[in-house]
Structure formats: structure tokens, C-alpha cells
Amino acid sequence: MEGIGYKILGALLTTLLAFTVGMFYAGFRRKIIARIQNRVGPPVYQNFLDVLKLLSKKTSVNHGIMQHLAPLWLITMSVSTLMFIPVLKDGLFFTNLNFSGDLIFLLYIMVFGPLGMALGAGQTGNPNSAIGVSRGLTQMVGFEIPWIMAIVALMIQYKTTSVTGLLDIQSQNGTWMMFSSPLAFIAALLAMPGMFRYAPFDIVGAPAELASGPISEFGGKYLSTMMTSGSIFAFVKLTLYVDLFMGGASNLIELVIKTFALYMYPVLWGAVSPRFRTEQAVRYFWGWPLFFGFAALIYAAF
Amino acid sequence: MREKTTTLYLGPQHPGITGNMMVKLQVQGDTVVKAETHVGYLHRGFEKLMERRNWLQSFTIVCRICVPEPDPNEENYSRAVEEIEGREVPERAKYIRVMTLELARIATYLLWYGGQSGSAGLYTMPQWSVGDRNYILDLFEDLTGGRIYHMYIWPGGVRRDLPHGFKDKAMRTMDYLEKRLDDYDKLMFENSIFQKRAKGVGIIDPEKATEWGVVGPPLRACGIKSDVRKDDPYEVYDKLDFEVPAMEGSDVWTRALIRRFEIRQSINLVRQALDKMPSGEYYNKIPNPHKWTIPAGDAFVKTESARGEFAYYMVSDGSNKPRRVHVKGPAYVHGVTLLENLLVGENIADVSFIMNSLGTCPPEIER
Amino acid sequence: MYNDKESQKIVDIIQNFARKHSLFVLAYGTGCGAIEIPPTMTSRYDAERFGIRGAATPRQADVLLITGYLATKTLKRVIRVYEQMQDPKYVMGFGSCAINGGMYWDSYNTINMLDKYIPVDVYINGCMPRPEAVIAGFVKLQKLIQEGKADGWDRYKKNLDEYRANQKKIITNWVMPDFNR
Amino acid sequence: MSSLVILILIIAGFALLSYFGHSINKTAGNIAVFAAAVLIPLYWFTRVDFSETVSFTISGFQMELGYNMYGKLFSLIVMILSPLALIYALGYMKDSKRTGTFYFSFLFSILGMTGILMSRDFISLFIFWEIMTWSSYLLVIFLGKDVEKTGIRYMVFSALGAYAMFMAIVIIHRNTGSMMLNDYFNAFGNFSTGTKFLTGILLMFGFALKSAVMPVHVWAPGAYSNTPMAYTSVFSGALSKMGVYGLGFVVINLFAHANLHFAGTILAWLGAVTAVLATFSAIFQDDAKKLLAYSSIAQLGYIVTGIGIGTELSIFAGLYLAVLHAAFKGVLFMAAGAVERQAGSTDMTEVTGLIRKMPLTFFASLVAIIALAGVPPLGGFVGKWMLYESLINNGNFLMVIMIFLSSTAAFLYSYKFLFGLFLGQEEPEFENVKEASPLMTIPMLLLSVFLMITGSFPGIVFKYIAEGMTDLGFHDVNWQMSVLTNAWGDSVNLQHVTLSIGVVFVVFLIFLTWKGYKKTYYVSTKDISSSGEVIKPEDNMTYSTDFYKPFERVLHPILKRKIEKYYDEFGEGIGALFDFMRRIYTGNGQTYAFYVIVFLVILLVFSKNIFGY
Amino acid sequence: MSENILHNEQKLLNLLEKKFLLKESRIIRAKRVEVKVEPKEVIPVLLYAKENSGYIHFAHMSCVDWIEDGEFEVVYILWHPEEKINLFVKTRVPRDNGSLPNIDFIWRQANTYEREIREMFGLRFEGLEGRKEFILEDWNNIPPMRRDFDTEAYVKEVFFHRLGREDAKDVREKIQERTDEELPDFAKKYSRD
């Protein structure tokens, strides 16, 4: 029973860690973009204040049960996904509840949230939300394909379908998968900005086009929950990439360094990019990333 | 039965709309099948108010007609009054006016840089260009005391002479801006995603452009060399050296290129105006404003603003108040008939983008 | 309830601290003052230093900027937008036209006193107010929030009938959804 | 008398009873139907002896009826789904005319399916197959709309399938001298290569046709959407599984055992292509019924892929998906039917915002959609997982990508279905829509409860599948109740998944819903932030037309040629065929039956002369 | 202004005078030609100018309320892109029950101008389509741009006024009586005569 106690404690700590790190990353992102834009920018803890402020809104409006549940689906997805990936390779707390972290399971649970969110956005009856959802799902089809190709290539190459298994193989071989299967890494990396929905792939909530799209009817505690979920999920995605391609991390500092380095890629690209149109985004993903994905598959299979 | 098309209100409260107006879109999928421009959210009844104000009081409110670019209004008003009254303007004042107008054009183009790329999601560009626009506004502040509303060009000349050291400061600012424009080019024009967004979007039929009332950069992007500064030269534009650009293409991208060329030309024009500026009077006296009457008559004056031909039709009945001042901004045609027709068949994603490239500015539509 | 600082609970102080440092401004340029919002937000004046950033829709926004004169047609939309915002919400009147009609005091289409129609927390004077003035206005608003005195949303609910009467005097064709708080 | 014969007689009896009951009085008929819905499964579950065989000889052909475990698995689908659909139909068909014919055909198609699954020889298989086809044909044309196109299409394709099967049977009989299935399977290895292919492919064609695999799926969208929804749930959920049943034993017994793996692989590829293309078609449908029909084709594509691959895990996945598909597609077609009945249409550009009017229907379809999309923690994920793992373990990486593409794109139509019917603006024209009657909602809810249980305890289905697999010659896999394991030893523990998701969900549910000092308001969908404007009554604020226009534009350069070629040119070709066929078939059931019998007789008599080997 | 410079302007006037019955015609200055016509002549003149003379650009359209004469003066301003000439076509219609032909089939942007004039002056255009409300919303007073609409009275009736400036005196009359010598110092700066 001790084990379970530790695991629950670990899960709580991991969630807290993910929240904090994700929030600070978002803060750093705002700061870095501000510096690129020739200004000072908000303090790095600004996002905590935003979340707290939204949480302390006195009223919240919903258009029905699905909208009420939408942020809930999102945060459930982020937190449960976090439960299923190894945050640190070994250690007492942060190995967490990764019940062997099957990759296909991860791929599927990661769409649980957006689907719920889409349903909630749909119930608001705001046409902008619906258009945003239709764009988002379309874009998802775009970036999922190269990303899945990269993952399948890894799975075929190393004959395991679990993150833990891939981590073990990396520590056995002593090399990271970004070096041992570079094509898969490139494909996954190219698909990454789409997953983060930063520019040029911020087409879902494009303010100038859709007035922030699916979230346009969410405010107060709902928006706060969604922001929380977003920051946790950013951490989850980064950790997953680190686990898959950069050999995981054995302590928190290593994790932060690796994830932050990875995070800079979508952030910096996003700072100087305009937005794609939806079909252009999908065509982008079905261009070079798909090519690298195929190459990775062929490399892995033969 | 409800329509099969979806109604989308773009504005008035919308981040993608330029100013306070509304475009009611009927969309099928994400393609616009019908667009209706609704204005009147900014209607203040200027033309009514001017009927109640004497000639000088009216002058103070004309600059409020178009916020992003107030100076062509002042210029138009002053020139209309001068034309009816037959009032002469000193040569120096003319140069100062040209310089002010060109500075205003630069400021507007910088704002356009921000709007055009901001509506495409390139948020760094507005931060840079709108930030740099402040340097122009600083010059205005030195010159007139106001950042936005200058009330500077008035009938008979300009309100003040250039302040001490203004020329150097203006020259330095121009040099700085010219340097910055290269950065803008790298960020915006050389960006392949921006090019993908802009090319082939919002095409105006070049054959019909003049007939449809297209003016300014959109018309020049249709390959037609049309510029009031050349066609109907006012002030001292006939003494300055510049050329009217014209490019084939008539899409958002071409219009952007035209503006990219023109902002550099305006910098050059400011330099020329400062260099060639003669010394002398900057103002011809007007009588006691409350007694100031203007003979009966009418005038139609035009100024090339950053967004195109800005025209005033002024009628005086010989009293101390204007009978009628009718303002026609370029957006009057661009924002209503042209926009409504141009948006049909375009993607929702490009609506705001096209509006920015046309330079739609609601306050001058409804005044 | 929020009249003096002594009566604020610790929770309120924390919440007000968060509120004042995170002001989401609704993207609505109601009048010509909107031209000074981009400079305020962009690199030279950089209002994001204070946690001020734009929000696309009223549901997410905290601050409604009435940037200048308010045409009667816009007033209707402003009321609509204001009622869609979530409590607590703040209104800043911008420029002299919002205060007393300013230059357009005798115009048939612009209202002259904003606070008769929606509650205003902070007025900024000037025509038009410079970005520095705008930021000063925001700082003033932050101060009021911290002290718990920015209670326009509360006044609106309490005096809804009065505000409604004033609003309906101008908006003759009243077809708005109910404000059911 | 044997329990099997009694079962068949009971179903036939109830069919007649409900027909005559309905011709006397609606209530009497409904009571008969209800009794059928209760008693048939009751009898099947309690009285039917699965080890029993009945054999009899008719004009020299030996016929044998008897269950094997593989057939029992599919019977389970039939016996659970059909009664629920019957009960649903009581609510759905309340105000319809000619209900007698409907229930008669319905029960007869159940009879046909039951018979197929217990046939051990080709003759009875064929007869029951024809009963099934025939009765379902009557239901396809029941509503009388689009008979020209849909009805004849279904008829012609069924006939083609029947002929293919029949030819195969004749050849088999010619070669083995027996009509027993087992004799054929045992003798298959000794056939010449040509015969192997001929019989295998002919049989496969017949079965693949029923399970709507891509080249021969053309009949399906129309037939599925034109049938009364009460039956479509069975049509798509159970009847199409008869094709899967056939494909299963063909692929496993013939190809796998005779080392003709590539034939299975071709089938799997066909399945994958079906899945992708049908998903793309489903995305662009505006009618919810059509959407579900294409979705059914896509889902059957997965199943066929799983079966075609022919490894243990893949067949397991295929069978599991077949069971699950019956459940969730049953719910979805029932939900579509409920919406059609209550709101008058299933056109997603018209119907909108029913969630608060029909919450139970929405809940059932939500659960079914989550299962369909394969999102954990519901049952659909288990099947998806096994399918992917089997494909990856096998190294069929291109097929994995295709299935992934298809199932990612499936989110698009899943969402569109829910959004189109239930979410979006609540329009005044649907103000008076009420929730469907309990007769309709209870079957849906029961099935969705089943879907939720399979999410954490798929073992309850595994048991039957494992039995069936053993029957097919795989060794007894010892699947645990809720742990999935693949060949490489990686596993997913579903209870952990459900538990953790559940705990997180509840924690945040409490967090979000706990009122405290915050007030949460409900506002109508007319109170949305429409840029400050007040929505006018004539404005249509529901975004439903061309919902996936960007995606359409993406696919345009890639697939336009193919899809158009496929649907138009192929359709034209088929149309030309129809014109020819129409001269033979009048579209009338009796004529068809007459032709079948004549053809059958001719073939039997002259088979030696026709196939001279 | 020599004859040579005004060649094009004169040519246009001659053409129009020959073809139509003009009430009045003159060259205001270089690049400005004005003709006055009856309302029924508006369409023929405009069509002729567009189709035959190359005045293809519809630059402006305005309306002036001459309440003393009981007439509206409507002016159409055209632009010749090659010859760079503005042609003013003026016509007068009675204020009460006057109407003008709709010209938005010639230039579609005229639709906007006409809708505005219809709304702001209450002048009728025969066969004009388009939304009734262009700028104003729910306006049920006399059209605001008519001279007989008193905006100040309307404002006093409808809107609130902030208190605090009751003691402010109207000094306009007083200033008007001032001679230049009485001007304050800062004002003298601008009026050196």
C-alpha cells in the first residue's frame, strides 16, 4: 500500500510541477516574444495572475451542460495524459503513474480533450466556435499524420509500443533517438508547431478572423481551467518529445533544460510567422513532414 | 425556413475589423457568399455640426473626421476655403503642408503595415511599425503640439512655423525609418507564408477599377498610374520629384508592394520638401474669425491621402458659416460597394486581410 | 461591501491583486480614441507590462474601453457587450467626448454623458488622450481595484432600472436579450 | 424436436404472428412484436443447445444445422441487437402504416441471420442468405422513396453476390461432392490453384459485398439511409456482420491454412482503402443517415482489414470491433431515427440544437460517438488498440498509417454528427421537440451502458471471441478481463486508465461545479457574443453547411480525381449495368425470387456441362 | 488662363451644349467644368459623359439644401482619367416631394451616395434599392441634414448634459464685436495685417 501512497503523492506533485512549469513557460514565451517585438513584456509570472484573475471572476455563463463540461474534458485529458508518461526516468515521485505508457493509448487520449472542448464550443451556438472547431479538426488531421508516422517508425524500429520501453532502449544504447532515428525526429519536430497551435498554425482561434474561435464563449472559471489545462498540456507534449527523442531526463533540471530548448522551436518560429490558411497548413504538413515521415518509416522497416 | 448560409457578424466588436464598423457576412462553409457593409457606428454628423460652426470653428473639427490620417482633411478644408475665397498661401506654407501631408502618409502606412500583417497573424510587425510610428507622431508633436489631431494646416497657411531644429530631427527620423523599413521587408515581404497568404487574394478587376471608383494604392495596384498629386497637382507637388508607381496584379500582395514603394517615396518627399523649403511667411492673416465671411461659391478639392483620393465638396452661401461641407474619403467607395463585391467568394480568413489592404476606415464613410 | 480596505478579507486582497494585474481589454474601438490604443499596446508604451492585454470577446474581457464619443448606434452594441461581460468588469471612459460630449456636444447622434448609460469607473480626459494618459488611467483603475472601489458592475446591477430607462430613451427599438443577473 | 429448429420456427411464427396481428389491430401486433423481442433472445439464451446438430437430406443434398462458437459470437450480436431494435421499432413505427409488413420482414431477416450462423452446409447457408437478403430488400424499399436507385442497386448487388456464392458452391460441389462447409475447408488444400482462387474469390466477393468493401459498397449508403432507422441499426449492426462472418471463415479456414496470405493481405488493403475513402465521403455528407452509412462502411473497412491480416491479434481485433460496431452503430442509427421522428429531419443543415430537447438521445449518441472514435476510456479504444498493435507487430506500416488517417479523420464526422443534430443554435422551429419515447431511448441507453462497460472490462466480450477463435483453429488465448497485451509484451491496463481518468474527471467536476460565491448562469444560445450585434430572427447562426470546407479544399487536389472517378465513372458504369439489369429485374421481389430459383435449378442440373472439369 | 490650356474643357462644353439643353454651363477653372441641367436630363448627360466622353470615374455626389429656394441641389462630379478634368453636373429638385432618377446602374457606387442622401435629406430616388438604414438606426425624426432640423434642440431634448458649466457665458457675440486692436496678445500673433 505504501507504493500506492507514493504514487498518488507523485501524481499530485507531477501535476503541480507540470502546471508550474507550463505556466512559467507560457510566461517566458510572452517575455521572449515581447523582447523580439522590441518591448519589455509582462512579468514571467503573468500567467498565474491571469489564471487567478479568471478564477476569481464572480460570474460565469454557460449555454448548457456540454459547455460546462468542456474545460473539464480538457483538463482531464491533460492530467491523465500526464499520468501516463514518465516525467523522469527514475526517482521516487516523478516516474509517476505511467502504467507502462503505451504510445497508441497516448495518441488517443490526447484527442479526448479537444473533442470535449469541441463539443462544448459547439453547444455555445456561436458560429465562430463552430468554424474554429472545423478548422482545428482539419488541422489535426494534418499534423497527426507525420507525427504518427514518426511514432510508428520508432515503434517498428525498436519493437516496442511503450514510452518506457523506448526510454529503456535509449538508455541501453546510450544514444538519443533524435540521433539514432533522425528522420522520425525531423518529422515529429516539423509536426510540433501544429500541436502547439502557435503561429503559423494558430488558425483555430485566430482573433482577426474568428474572434478567438472555440473559446469565444468561455470566460471566468471556464477560461481559467482551460488555461491551466493548456499549460499542463504544453508540458506534457514537451515531456513526451523529450522522452521519445531526447532520452528522457533523470532529474528535474535536465528535464527543464531539454523541454525548454525544444519549446523554443515553436515559440521562435511563431514569433516571426503570419498565420496559414487552414488548407495551407494541412498542405504544409502533408508536404515535407510527410516526406520525412515516410522516409523514417522506410528507414525503420528496412 | 432559415437560410442555408450562416450569418457571421464581423464587427463592430471584433478584433479583425478595421475601426468601428460591421460587415455582415453570409458564409457557406468558410466561403463568403454575400457581404453587407453596415456603417453608422461612428456617425457624428460633422456636416450638420459644420453648418452650426463658423469657418474657423469648423476647421477645428474637420481633422476628427478620419482618425488614422487627419491631415488630408485639414488640407482639403483649407484648400477649399482658399479656393472659394481666392486666398493666397505663402510658398513656405505650401512646402510645410506638403511635408506634413507626407509625414501623415508615412504614419498611416506604418499603421497599415501593422494592420495588414496583424490581420494575417504576424503580431511582431504591428509591434515594430506602430512603435516606430511614434517617431513620426513625435515630429508632429514638435510641429503642432498634438500627436494625432494637429489642427495645423489652416486656411491661409499653417498655424506655426517649423520649430527650432525640426529639420535635423525630421531628417534623422527619416534616416532611422528608412533603415527600419529594410527590417520590415525581411519580416513581412520576404516571409514566404505572408506571400502565400497575400498572393491571389482580393483581386479587383483592373478593367473596371476606375469605373468602380477605386482610388489610391488599390487603383495603382491595378496597373493604372493615378495619383492626385500628379493628376491635379496641389500645393507644390509639381515642383517635387517623384513618380507614381503602378503594378500589375491587383491582389493584396500587389497593393502591399505599392505601399512598400510609396512609403520610401514619401520619406524622400519629406526630405525634398525640407530641403527646398524657402524662408518667408508661413501664414496669411484671416480676419476676426467670427466676422469672417466667405463669398458664395463652391469648390471640389482633392488630396491624395495614404488610402487614396480624399475629396471635399464645399459650398458657401456668403455667410460666416459653411453651407455644406461634404466629405468623401477613399473608404466611402472602398468600404462599401467595392468591399461588398470583393469579399464574395473569398475565405473568411481573408476578410480582415482584404479590408486592411483596401484601407477601409469607417469614420470617413459616415463622418 | 467593498467600501474600505479594512473590511476586505484576505481572499479579497489576493483576488484584487490578481484582478488589477491582469486586465483583459475588450477589442472594441468605439470611437476615434481607438487610434491611441495600438501605440499604447505596442513597443514604445507596452501596456502588457501591467498585465494589460487584448481580449477578443466580451466573455473573456474585464475592461471595456469607451474610446471617445459614442454614437447612439454604437451605444446599443456597447450595452450589449457590457452585459455579456463577466463580473467584475470595469469601464473606462476615454476622452472628453465620453465625459460631456466634447466637440460633439450638439450632435444629434452622439451621447453626451456616458455614465448615465453604463457605469464608468475611470474617465481619462483629453482629446485625444495620449498613451501616457491611457496608462495613467489604467494605473488609476488598478488602484481602485485594489481598494475594492471599482464597483461599476455592482452599481449597474443595483440601479439597473435607472440605467435601462436612460438607455431606452435613446434606443427606441429595444430588441435586446434580457440581462438576467 | 431440436432446439435449433424450434428457434427457427419460433422466429418464423412470431413473424407471421406480428404480420397477422398488425393486420387485425395495431395493439395486437405490437404485443406480438414485443413478445418476439423478449421471447426469442430468452429462448436463445436459455434453451438453445449449442452442441446440437440437426441434419436432414433434401433431394440428395445433405443439410446440417448446428452452432459452432464462431457462429455463436455473431449470434450474440444478432440476439442482443435485434430485440433492442425491435423494441425501438415499437416506438419508432408507432404512427407508420404497413407495420405488419415491416415487422414481418424484420423478423424474417432475423431468421435469415440466425439460420446463416447455424448453417453447416452451403445449401442452407445459401437459402438463409437469400431469406436475409430478400427480407432486407423489402425493408430497403419499405419507405418507397428512391426505389429506382437504391432498391435496384441493392437488389442487383445482392444478386451478384448471390450468383458469385452460388457459382462457388457449384464448383465446390463439383470438386468435393459434398455441400458441407467442413468438407470444403478440409479439401481446400488439395484443390488446384485455379480452383482455390476461383472458389475463394467468389465466396469472398459474396461476403465482401454484404460487408460493403470498397469496390462493391455502392449499394450501402443508399440502402442504409433509406431503410427505416429502426431496422438500419440491425442492417448495419448485425446484417453486415454476416459478410464479416463469412469473410472470417473464408480468410482463416482457406487462406491462412493454405498459405495464401497475400489474398488476405489484398482483402486487408481493400479494407484500409475502404476505411479511408468512406471516411472522407462521410465527412462531406449533410444527411446524418448518409453520414452514418458511410461511417459504417469505413468501420467495416477496419474490421475487414483486421480479418484480412489474419494474425491472431488482428482477427481478434476485427471480431471485437465487429461486436462493438454493432453496439455503437446500433445506437447511432437509433439516435438518428429518434431525431428524424421527433424533429422531422436528419439533415444536419436544418436540424440543430436538440441537446436540451433530447438529452437522453444525445447522451447515448455521445457515448456511441466516443466509442466509435476510439477514444479511451470507452470500448472502442480497445478494438482500435488491438488493430494498431496487430498491424504494427506485423510491420504493415503503410496500412497503419491509412487506418490512423481514417480514424483521425473519423473525428471530423463524429463531431459533425453530434454538432449537426444536437449542438449549435437552438432554433425556435425546434422549440416543441420532445424527447423520444422510452421505447426508443431505453434500447439506446442499454447499448451505451454496454459500451461504457467494455471500456474497462472488455473481457466480457473477449470471452466469446476467444471461444470463437478457438473454433477457428487458433489456440486458446487467455485474455484477461481488462489488460491488453501485444506481441512485444507491451500492455495497457484499462482499469487503471478508467480509474485515473474517472478520478481526475470527478475532482475537476467538483471544482468547476462547486458554486461557492461564484454564480454560474445558463443563458440561451441566442445570447452569444456576435460582435456586439443583436441576432435578428432571420439570421441563421448555425454553421452547418459545408462544415469541412477547408478539408475539402485540402483533399481537392489530392483526391478529387480519384473520388470523382470512383463515384462518377464507376457509378456510371454501374448505372449502365443497371439499365441492362433492369430488363431482367423489374425491381419486384417475386420476380427476383423467381429468377433466383430458375437460375439455381439450371445451374444444379447443368453444372457438369457448364463447368467441365 | 489662355485658350490653349482650357482646350479640353472648352471642347467638352461645346459637345454638351450641342447635345443637351443645359440651363447653365461654365468653366470654373482649369480642370473644373460645370453644367446645370434639369432633373430629367441627368441620366442622358451622365451616360453621354461616361460612354462618349470618357468620364468614367464617378468621383462624388452631393446634395445641398437650399431651404430658401425650397430646393435641393444635387451635384454629380465625374472625373476623366486621361484629360484630368472634373465635370460637375448640377441639378435642382423641389424639397417637398422632389425626386431624382436612380443612377446606380451607371455606376454602382452611386448606390451608396444615393442611399445616404435619401437617408440624410429625405430625397427620393426613383427605383433605388438597398437597405433603408445606412448610417442612422431607428431614426424617426426629420432627416437630420435638412436645414430645418435643429440638432441643438434635439440634443437638449434627448441627451443628458453634464452639470457644472451653467455659469459659462456665451462670449461669441462679444468676440464678434471686437476690433482687431482689442485682440489678446496671443491672438494678435496670427492676425498681423
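By letter and in written order, the chains are A, B, C, D and E; residue numbering begins at 1 in each of them.
Criterion: a residue touches a chain if its C-beta (ideal position, glycine included) is under 8 Å from a C-beta of that chain, and two chains touch if they have at least 3 such contacts.
Being a predicted model, the structure only gives us computed values, none of them experimental.
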For this session: Could you name all chains that are in contact with subunit B and with subunit E at the same time?
Result: C
Exercise. Where the contacts of subunit A and subunit E overlap, which chains show up?
Worked result: B, C
For this session: Average the CA atoms of each chain to get its centre, and name the chain whose centre is farthest from that of subunit D.
Result: E
Exercise. What chain is most central when centres are computed from CA atoms?
Worked result: A
Problem set entry | Distance between the centres, which are taken as Cα means, of subunit D and subunit C, whole angstrom | 58
Exercise. Could you state the distance in Å from the CA-based centre of subunit A to that of subunit D?
Worked result: 36
Problem set entry | Separation of mean Cα positions, subunit E and subunit C [Å, integer] | 38
Exercise. Using CA atom averages as chain centres, what separation in Å is found between subunit A and subunit B?
Worked result: 44
Exercise. Which subunit C residues sit where two or more other chains touch them?
Worked result: 27-28, 42-44, 54, 56-59, 73, 76-77, 81, 84, 106-109, 181
Seminar exercise, completed: Flagged in subunit B as touching 2+ other chains are 6-7, 12-15, 27, 30, 40, 43, 45, 48-49, 52, 127-128, 131
Exercise. Mind pulling the subunit A residues that touch 2 or more other chains?
Worked result: 37-39, 57-61, 127, 131, 134-135, 207, 211-212, 216-217, 220, 277-278
For this session: Mind listing each pair of touching chains for me?
Result: A-B, A-C, A-D, B-C, B-D, B-E, C-D, C-E
Problem set entry | Interface residues, subunit C side, partner subunit E - complex | 72-73, 76, 99-101, 105-109, 111-113, 116, 166, 169-173
For this session: Going by the contact rule at the top, pick out the subunit D residues touching subunit C in the complex.
Result: 519, 521, 523-524, 526-527, 529, 532-534
Exercise. Can you list the residues on subunit D that touch subunit B in the complex?
Worked result: 349-350, 427, 429, 529-533, 535, 538-550, 552
Problem set entry | Complex interface listing, subunit C residues touching subunit D | 28, 57-59, 76-78, 80-81, 84, 175-177, 180-181
Seminar exercise, completed: Per the touch rule above, subunit B residues touching subunit A in the complex are 6-8, 14-16, 27, 30, 117-124, 127-128, 131, 187, 191, 193-194, 196-197, 347-353
